[in-house]
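So, here come the structures, one by one.
Shared chain: chain A. Partners: chain B in the first complex, chain C in the second.
Moving on to the complex of A and B:
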């Protein structure tokens, strides 16, 4: 648990600070020293263009973690909006929105993402938008269920009796009380989004080089399979440890929330 | 039971329409078309020739007409012809689907075979060192990027040790082998993709079985069974486990879209000629009929999975088919 927090802190620091100090160092090529094994000078070795792998991974943190957070933000806001409206207003609004949710849930999400990326073209913004737009269904269902149980509780009836508007009730009473499970879901969503971004970039249709992302660094590693183990080991290890830390953190928080109820 | 069956069947129809409509709109409202993709490879193509191509493919008609047309053919199991090579989409998909289905069924089987015992072990020994180690391993499988794990195993078992083939489904001399050798060869090619896919998704099932078992083991009927003097194994496997199995059916149904989506990554890395690979290639050439066909089929497979899960659930649990009125 502590290790997870320390690791995430380091990664976040890299994501915020590394591009300021290292963006030129991470791009500077040295064709005299391509594919050098890790050494004191290059901690994680160099890539086929002689760029320092450690610096590239540090800079890649901004893209990979940033995309993860931004995508989950979009997904969570969409999920809260759709779930709240469906749960609060009920009847046909609920039925239409929930059919939409169920239909979306039937799609193998990765297929849908690929199709839309083929249309919009690869790049950071399309990826954030599409990972967000295909990830809201779980949040919507969670928050709808919460709203359904909350909306008949006494404090909501009391607010209504005082003449509160729908908007007031929703934003001041219902949504704040329904947020608990959503937060856990969002944390776990970040790890899923990081995995999706790195997978897309790894396949060559995500964040495009020369902008370093953990996924496209690993894509370069695939090309040198068998000859340069560091190109493959380090980027993957960083993805793995980051996702693992986020999952551990999410699990811990959800455990404590369940315990506190 | 018949009534329940019919109700569930009727319930899938609007979902099916919703699914096809979403796919169709997403792809057709996008800027750029298959004709553009073709034109960009051929600088001599005139606007006239482009218009001709568009009317040939029916891309110049109103979008709802195109959708109705497409649906009409869909009902007859006709997904149209590929923009790229002119082959019927159905033929292309039928060639690729069995590979993907076989791999995914193999993965599902392995997940069950591994996940259930692991979950039971974790529940029975909850809190011990073994349980903790298991939790860590399962968590690792849940968090590891599949493409990275595949690469590492490929380079270790395939390149370094040379034990396993790293791509495709068949070896070079496949046609000259005997039947058994052919099966063996196919199996060797499938070990890595199925193994990685199962390892990374076993977490869901085993964690589910573990928490389900822990709850069930506290139930009064388990205490009764113990008090009756039944053996430990009898109590665990005869009385507790079946009660955990029920919701497991639903979880399996829900895991289908994830497995199908994952097949894009596996099939690309291991060069397996399945649906995921076909989809990946079609996306690059904007081969709409193939993209639509696979998206629809993928969603339908999910629907079918959920439907079978519902039916299985109702068969296993009388409370569902008789008692529920919603």
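Moving on to the complex of A and C:
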């Protein structure tokens, strides 16, 4: 648990700070030293264009983790809005919104993402928006279920008896009380979003060069498989450890919440 | 021919050192000349599946690789890239090139036993020129005025005007009239069950997995010794390299990285023979000449000066390539050796851009003209690491002179449909695979800029147009060479493309195959004569 937090802290620091200090270092080519094995000078070796892999992975954190968090933020906000409205107002509003949710869940999301990128073109913003816009359904269902149980509880009835408006009840009573499981869900969503970004970049339709992201570093490594082990090992390891840490953290929070209820 | 060499060797063996060299060469190749043994299978792979096995409907390389084994044209290129007879035994060019008489072989049968005759050639021609046939090769036959069957084994072709690529265009595979006469070419089962005159016959096609071809016992040049030709479909290059690394594939094209760094293992040197020779194509950065910046020749020249081609070859091809100076290949007769390679001079590039009205305004050092920043996007296809790396190097070099270039990689189908066909791009990084005739009319003539045609950058130059027309009318190679040398010079001065490099072809072939030879046409041109000695045969055929 501690290790997970320390790792995530380090990655977040890299995501925030590295692009300011290392952006040019991560893109500076040295065509005279392509594919150098890890050494004291290049901790994780160099890529086929002689760029330092360690710097590239640090800078790649910004894209990969940034996309993860931003996409989940969009997904969570959308999920909360849709789920709350559906759960609170019920009847036909609920039926329409939940049908939409079910329809979206039936969709093969990854292919939807591929199609949208084919039309809009790749880039960080389209990726964030599309991962976010296709990832809200779980949150919506979760929060709707919470709202459905909460809205008949005494404190809500009391607020209503005092003449509180719907908006007041929703923002002051219902949403804050329903947020717990949503937060856990969102944390786990971050790891899924990081993996989606990695997969898109690996397919070459994510963030475009020279900006590094973990996925496109990994893709560059595929071609050198067998002659430059560091090209796949280090980005793969970083992705693995980050996703694992996020999941460990999510599990832990979820566990504690269940315990406190 | 061999006998002659032997006699000469005996006569002159002590005469002079050069003859001795001939002798050594003869001795080293002689073990391959033992009588070929039948049997075994040859396995190769492709990242894509053939789309159509009717030769004139096939436009992708996978389909071509397979149809070349099943069908024959009237003529073909020999190992030294000279046109020789294939289904035509010989031909006569008359009336200054306006009339060609083809005399066909008489002992040829279709793989279903029917005899091949002049009617099949006429039928193929009719289909090729039928507006209902969606073939990209129809243009080669537009200049034909008439085609007449003189007798079952003689054909007369009359051209409207002299057309020098005309003879080579008859290397198009001929299809059987008796099987296709009543078929709709777009729906026929023939595309998956083709019958040709060629050395191999399609036996089995498992969609998404493989095609299996068997040697044609009645082939007019003799039955090929290798019994089976297996064409596996492996959509991922890394996977196919892994298959090669365990010996499951007999021939493959390597990437420079694989050639230089991943195939020096004991297993590879023991089992595979590596080849390298210039490929028949070149890679270029093509500018959309409708773009306000790229329509200015000074801008194109400046970008050329800002890019170091040698550095790109060193880094992305690991040195396995040559600098490209124009649309022809070094060493061919159309290539003009006097065209300079171009220099790498960023300072000159900056001066030229300044002359063209570009000034740096912002903090970022990016130049702009009339308030518009010099930033553009170059498109390239997915899956080609060398091209992507070349793009990244160019991106850095252009940034150094104040030009912002973004890179976008696009899937091949989308690339053609959404960007090339619709002319929706600033610049593209692509390569041309060239035919052996230097006619580049389709690529640079101003009449070829319509949708679906190859002059997608919109290049228009009256002198080049006139020269291209002239080159097509002229038969004399020395006269044609002068014409193409001039075209080469103009295109190098005008720089509608930034000509980058001619990559090397890097095939490997399993060592158990005998008779494998490299020629100007590459490796594999004499595949039908390859064989495997009995004790080395790997695949046994169950009867």
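Simple rule for what comes next: the second predicted complex is superposed on the first by the 261 of 261 C-alpha atoms of A that agree within 3 Å, B and C clash if a C-alpha of one lies under 4 Å from a C-alpha of the other, contacts with A are read in each partner's own complex, and residues count from 1 in each chain.
Simple rule for what comes next: a residue touches a chain if its C-beta (ideal position, glycine included) is under 8 Å from a C-beta of that chain, and two chains touch if they have at least 3 such contacts.
None of these values were measured; they are calculated from a predicted model.
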Partner chain(s) touched by A:49 [first = chain B, second = chain C, both, neither]: second
Contacts of A:186 with chain B and chain C, given as first, second, both or neither: neither
Partner chain in contact with A:61 - chain B first, chain C second, else both or neither: neither
Partner with the higher number of touched chain A residues, chain C or chain B: B
Contacts of A:118 with chain B and chain C, given as first, second, both or neither: both
First (chain B), second (chain C), both or neither touched by A:18: neither
Touching partner for A:198 - first (chain B), second (chain C), both, neither: first
Touching partner for A:225 - first (chain B), second (chain C), both, neither: both
Touching both chain C and chain B, counted on chain A across the two superposed complexes: 118, 203, 205, 222, 225-226
Residue ranges of chain B in contact with chain A within the complex: 14-15, 18-19, 22-23, 26-27, 30-32, 139-140, 142-149, 151-152, 154-155, 159-160, 256-258, 260-262, 264-265, 268-269, 279-280, 283-284, 286, 291, 294-295, 298-299, 302-303, 306
Chain A to chain C touching residues, read off their complex: 27, 29, 31, 34-35, 48-50, 118, 121-122, 203-205, 208-210, 220, 222-228
Chain C residues touching chain A - in the complex, by the definition given at the top: 237-238, 241, 245, 255, 257, 261-262, 311, 314-316, 382-383, 385, 388-389, 391-393, 395-396, 406-409, 411, 414
Chain B-facing residues of chain A, complex: 99-100, 102-112, 114-120, 191, 195, 198-199, 202-203, 205, 218, 221-222, 225-226, 229, 232-233, 235-236, 239-240, 243-244, 247-248, 251
